[in-house]
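One chain, chain A, appears in both complexes that follow, with chain B as partner in the first and chain C in the second.
Moving on, here comes the complex of A and B:
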């Protein structure tokens, strides 16, 4: 509990991200491995229009302000593990 | 002159095993005359036969009253017209007629239905200005309704619900029923007519252990100031109208809903207010709701509106999940009388991709559909403004 939150995961809740798989992402908290559980916080964000940039694909997630496209629970966990 | 908005809500459940309900409720607004007329009729027996009796009774009573015909004539005509039941060799249906002037002057005619109730705040009124008419068993009452009064009508399916149970051998005790209603109004002093009638009927249904022993109907007539709601969805066609859209929203006096991420962004930017997303408030199928200070509800746009439209059209109102984003919008619709749509018509290019797993409708069409349902099925006053 005393451990510091190191990763802030913000999930886009816009229409497109939602239908393209973003709907599953709030479950991320339940899938976090033990070593990350207390370091990650999951939040929502309103659509920032990343989807209107043609070369990017939804769903989008910001991890400490770094943009991830085509996000999935596995990809997010992988990304954070690599940072550890 | 005090003029009220009159909200009318009604809910019926048919007797277990029947296809249709033998209680019929009808109402009509006579805008030019400044009055509303409503009739609740309970046909003899249940099922189709009862429904036919009740429908004939209700529509005749309604039309006679609208034409200001004397009640004796009306009762006589109904009696002469109703078909005679083959088994019982009688024709019969009970009715309650309400004639409400917009200044609150109310006349109530009762024939055979359980006594109506009037709730002023949380207490039932004792009405002593009741007299017998020359037609036997017909009771006529007059009273002057005040703002926040509620008139509640029942069919005997409500008062007799639970009959035979050890704890309520004679049905729903009249005083318990009154207490139950007081309690509901106390909990939510602004409870809509629709919601209150839903709650009362559902409770009676529960008294019958979810197998209605008779047709159960409750109608609520609620006198109050009209309530305004604005629902803003979609960014304006031209960006230079963003400011005026947000100004319309902030100047609006009433409940406010924002539907759409981009729309929420615009409001947040113009008013310099943070958007808080509650990521766990979605209902699985729909994206979650957010919060912006000063707004009653902020939701996603097209998916949520599509669900609202679908539910309003097809779903039994008592089965709606009022905790989810779409249910919250519907609840606000029901709580308000004048619904204003402020619709931005800019098309979101990203939604037009044919590779999407679901079809995303054009916002304008969904709004039009919702507006039509609210107007025709729920008798709301609806305005649409495109920007």
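Moving on, here comes the complex of A and C:
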């Protein structure tokens, strides 16, 4: 039986996010702890212009619909663990 | 393992801001404001205070303008003035890296220390096994006498409570050839007679205090001239963007490059000539030849393993061939090598056909400044890709494989994947003839150029992205 996907992590694939560290975020899949492995799906998303329309800092990630700035693998995992 | 950290982010943020200002021609008015904008007064400081942070940023910008920090004669020189000096500059220098002394935290000399985990046990194996008798007990706690300690690390191995810790100096620790060391104030300096330009110190410093001297000012000057700009892209570019190769090349063209030439096309020539050279050497009774494509390696041999010098292939590097092709096709053009490598910047200084060098990081910053989304580029491109064997020069083992495919099974290769203290010892043994192999491939970065210091994607991920793009090129 496969568990339901609870968390959709969407990584901005825009050039700015990529250069500012987003390039490494797809490795999230390899770093997920056991309890989250089957619950998280990692995808790319086309640049939504958060970099120009907000004062927030890249790289950007959407976890379900929640926006995270200055995302790192550790921060994403921490966020999801807190939701669990 | 991930590679992003705040020192890397700061460098990239500075690069992006500079490129934007150069692109929009606002740099004259804005350059002196960058440190203030990035570290505003109400912000928390990283160092002692916001003023220190700003000074650090100023000198990092000075390096990005292409200056050696040591060259400063008057501390009051503004970035605005440095910008003008950079624009008037006629010549680059082969000292491609510089230590930003303001940023260097003069980390205490690497040493062993006793932490408060010490239980003052009866066995005291740390003291008993210390060959210099440098450990004594004060109030039941071990203490290391640093006058006598020779940093052998025996105490750390012996302590059953893991109470001994080693605190390294990261840049010195990462340097495979002891080319970086402290002055009386504890500030690090690069000894260019020893340095092989591998860039490992740059990646290791937690303060981002070691910087490459960028050519971006020169490149923007060239953009403004009548001349054509030609991009010479290292094959590892295919691992940098998680986008297809044609999209990446189209993005570079869209910025205003007249053409993109694959350095892998030059690698085809290297493969041809290096294979011939190897056969000739073996026929004339030589037992061994090593590669010559990695410039950090050839610098290592020149400066530290002279016994190996005559074994190094004399075949020019792929960059040299590619530069020649570019100047033949576009005689008056400005040629810019784009790659992940600090050593290539040094090599390029001596190669007439290469005018400037851009790192992948700098390429990324330029794309951002030009508002180019690689993802949205056209998938169609009119290009004949270099052969797959030549593309794989980017990966450790790739050069051997290419030469073997051409020369046949009489090649018995040994692959040195990464220059470090251990592999240097191994190379010194090889220089004495202690090897079964007749072909030695050496790459300074672990994983080859795919692990290059200035890569946007590194490690396993870089290999995956590269492999996928190579499959697409072949099909």
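The rule we apply is simple: the second predicted complex is superposed on the first by the 82 of 84 C-alpha atoms of A that agree within 3 Å, B and C clash if a C-alpha of one lies under 4 Å from a C-alpha of the other, contacts with A are read in each partner's own complex, and residues count from 1 in each chain.
Definition applied: contacts are C-beta pairs under 8 Å (C-beta built on N, C-alpha and C of every residue); 3 or more make two chains touch, one makes a residue touch a chain.
All values reported here derive from a predicted model rather than from experimental measurement.
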Which of chain B and chain C A:73 touches, first, second, both or neither: second
Touched partner set for A:42, first chain B, second chain C, both or neither: first
Partner chain(s) touched by A:14 [first = chain B, second = chain C, both, neither]: both
Chain B/chain C common contact set on chain A: 13-16, 18-20, 23, 26, 44, 46-47
Residues on chain A engaged by chain B in the complex (per definition of touch): 11, 13-16, 18-20, 22-23, 26, 42-49, 51-52
Residues of chain A defined as touching chain C within the complex: 13-16, 18-21, 23-24, 26-27, 30, 44, 46-47, 72-73
Footprint of chain A on chain B - complex, ascending: 261-262, 264-265, 268, 275, 277-280, 282, 284-288, 290, 300-303, 348-351, 356-358, 360
Chain C residues within the chain A interface of the complex: 2-4, 8-9, 12-13, 16, 240-242, 361, 364-365, 367-368, 372-375, 456-458, 460-461
